[in-house]
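My questions will all concern the structure given below.
Every chain is named by a letter (A, B, C and D) in the order it is written, and numbering of its residues begins at 1.
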């Protein structure tokens, strides 16, 4: 039984981790921290978890957490996790960090995208980018997992089988559509229901930070520098991300070849489903909600030589908490889908 | 390992049963029937279940089903199940019927509400109304379970602790709000997205059929004839039912007394959560989505002596498939929440 | 040409007033005030009005407003309007107040419901409750119009034809469903999109303030004290209110009699549509969105002797800004629907 | 007063035309035809128009329509309008055709995209593509207006100022997000509310027909062959289209230059609003709902040299009925915004 602490447990990602870990057969959640709600019952903040947890939120300290837990999931804002990680590692606790802090390998890139020097550049090399479909081997036994961003996850999964493939070149444009939960639990003018509902709203359209990690991972795969432009759009759903990753091809692309590339790349990956033809010919996040699945597919428009690959995920699951648990499972030698077996809901 | 057949498995309720039973540790789904989709893979109709099931739909016959299964879940339209039940029972298969066909005890009531004579009135007495919070004892070993309607479930759970209580009298008015999945998988003009989205639309406002079963169950509890008027309203959600059950009281009603009645009535019931005070002082189906929980609560407006009790459920779960699995668990002596442990999603 | 000032013009009700008055042929909007956005262009706050208005928001002062306008619409929070009204009236400006401050006739009731002494009880008698279907005559020439609350408007319109009618008695229960725009433009935890979307959430279920004005108006009509209990529920729509007003009847109620009562009561009222039978047999706010219509209807459940009357409005229009303009039109002797002729949108 | 017939008036586009024309000061609607609902009142099918129209639907015949009307709006399916147009023109009636039948100038292109020979290729030259921002002069006095498709309108408006501009080349990729009303009034499995709500679903991703008209118009503007790939995605809104039109640039693109191109191209166009900076820096269809506005904007991602232009419209208005009325106004010499002055709703 692994004793687990969830730090930053009152936010949406923290809450989703608590939800999943509550039924994980190898895990006992011993600590859930929240600066704002320390002393309050978990179910007060997360009404879905009423009656599921009997513990209260506590204040985070490295001492308390390390004493009571073997693994810590950090669901803290960017720039906050980074300071606790070294100490946690030092006392021997495994860290799964869901922030962006340890995702980039190159400290100078970190500065470019996040505006400050990374205080612990030495640890960037030790961190494993927690996308198990790409880093399954490295994750085994890993003590520091940097869990990917949701838009990056969708973009990388959509493009991984085709980057480096000659006809598509090295420039990709990922037009992403996301639900409102991606913005977190804190209210704002943009997330106010009357403003957010029915919106189809581009945001961070000129330099989305997830481009950095997507380029890092896809360049590694393609063995050459890949250019990835991500343009996110807020749409009305609460959960769900669809990445439509577009490229122009320099020659005709056969559908069968696309199919083969996807099938081979993801052979044996338990959370990947390749979608093509039938009543639902393209991926739609609607049909993965509540699960850790990523549905992948593609479209080839031969007339104009445009190729699009699609990835549909639940941003709270494969885009955040689910993927973190998956990576944790791999790191611990558990079955990859331990605690993540419930199929998606339909309809929802 | 119980071998299970889901009959009528291509509809929403059938699909939800498949979703739940896929991870039920005591169950193997051996048969999924569909008249329309026989021969097609389950995942073609239920895109959420792609990769989860490898079986195809088959045509339903009593012989095939009884040969391959110990328990049959019937997710068929009203008036269809009733004809198969006697034969299935005769060959020794347990039947969990999710239609309305065996819910009413009194054959004359059946005729009044459904317009035809019940063809097997003798079986009505053998059927157990599958609301485990009320019929837990009878369900043990039961061979014929009549799973309740969703609006009836919400209304009964909201009112059970207070019917027969003198100040509230015997007339209750249950104003119900329901999501669109309650109408099933078949498209219609009223369910067309542009018409259904943003609707706040009363329907069946003059004699909703669930009144019959609600009055049957609540009259039994109150030991006197109870009058229950149910007025359903279609709202924009996909999942969720909220019953707001109103009554005028003849004397002042104390909140503590209300609390006591709910707490005592539902003591030890694992799927009932009583909600009161805090950030979320009243039940909201939003916070039970994906789970089998029923969140219950109440409001006492002392100035006008009005009492309202609330029940919030996920109509696909506690209102249909989840409750059927719960009743099945009880009937088989399994833990009541076997296969139903995943907490509700939030946000969704 | 009436020169109009909108005070509190950066909120939703203020914005809706600006939207309507922009195309009102007898009106010129000369002033739009906002404490928070003074100096900023109207279109910056109300992106729908980009290119429609060229004026900037200004700070409110009685002097500036009275110099530049003949009529002032006050779209301020409760408790704020009340202090400006006397001075505005004194300098001869007509006031249409959309807050609750001047709706109640009885100063002691004001204190009961709003917790403070009314500072200008003398003016309560001069104010006309701005529901033109009930107070059309009094509105002519009125200098102080107290525009009704949205849930009260729906409840009153639904019940006006039947209060005082013997079989229904004097106790009414209005179960109201409302869209999120009713809560105004200020973000909060409850209005955060991930929390508000798909909610079916009771609120203010133990003493909703609109009960006071509904009882005042309905008691006046019935010539006896009426008891009205209003229980609002937040649902997912952005716009729309449906009031389902329930009563038990002491004898059989004929549908034709109901129809007659509604038809007679509202004869010649241009914004009232009585809905019955057909594809859409009951009112649904969906079909009045964007207009000042109130769709009214009813259901008679003879078995249990329950009568429900329904009223569907757009809370921003007939529930707020539209009704204020309608009352203003009547007060000024304009056609009642001047500036309000655009039919509802469908679908939306 | 122009006497107008709306043919195919029971669909969504027909209904929206009726809604707009009801308040158009120069128009009297004399005929509304519907094959399915002939003899029924308009308000029975369009509940929003209850009380607005007193006429009934009739069967369409060229004789009846031409006798009673000066202008006919054809809101019929593709392939149906084409056969009535010659006869209508011959009897001297002006035709505004909202189908795709007369949009393409080149008969061979028509065959390529629609699969059949065009039966009246001679008329293709007489038809004016009804996008007034591009064809204002030609529309004056035009007798045959081919009203553009919604996704094409958004794509063309977004790209018109930049096609032919050297750094952007001639390949454009328009990733379009659309609301459910775009699919029309006929229910289907894909439009069933439980399936359509929360969907983010690519469709017609391999050869969307609107590419043909978009390429025709944009190639004309750029004086060279332009390649436009349109990939539509169904999202949860009922109304609204956002086109995000992407291109890679061969050199650095200055924001001021983009701004200048948009401002110059659309100078004096009353329904175009250019959106940049502020609280709402990019177009969002949410803020044009109910109006004929097109909100346009752009994003320049200098790091990767990607340029995106955005167009947000209400698909029922600027994407269909509103634009048809606008073109009709221009053809008749009326003010361009006659009957189209109501500002967008907010929030909705």
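Simple rule for what comes next: a contact is a pair of C-beta atoms (placed from the backbone, for glycine too) under 8 Å apart; a residue touches a chain by one contact, two chains touch by 3 or more.
The model shown is predicted, which means the values in this text are computed figures rather than measured ones.
In summary, the interface at A-D recurs among the listed pairs B-C, A-B or C-D; the equivalent pair, sharing over half of its contacts by residue number, is B-C. Taking the mean of C-alpha positions as each chain's centre, the chain lying farthest from the centre of chain B is D.
Mean C-alpha position of chain C lies 35 Å from that of chain D. Chain B and chain C, compared by their mean Cα positions, are separated by 38 Å.
Chain A and chain C have centres, each the mean of its CA atoms, that are 46 Å apart.
Each of residues 12, 180-181, 189, 194, 197-198, 236, 238-239, 279, 284, 289, 347-348 in chain C touches at least two other chains. Contacts from chain C toward chain B in the complex involve residues 171, 173, 175, 177, 179, 189, 194-195, 197-203, 205-207, 211, 227-229, 231, 233, 235-242, 244, 246, 248, 279, 282-286, 289, 299-304, 306, 308, 310, 312, 347-348. The touching residues of chain D, counted against chain B in their complex, run 12, 180-181, 183, 185-189, 191-194, 196-198, 236, 238.
For chain D in complex with chain C, the residues that touch the partner chain are 12, 15-16, 19, 22-23, 44-52, 180-181, 238-239, 273, 275, 278-280, 284, 287-291, 293, 295, 316, 341-348.
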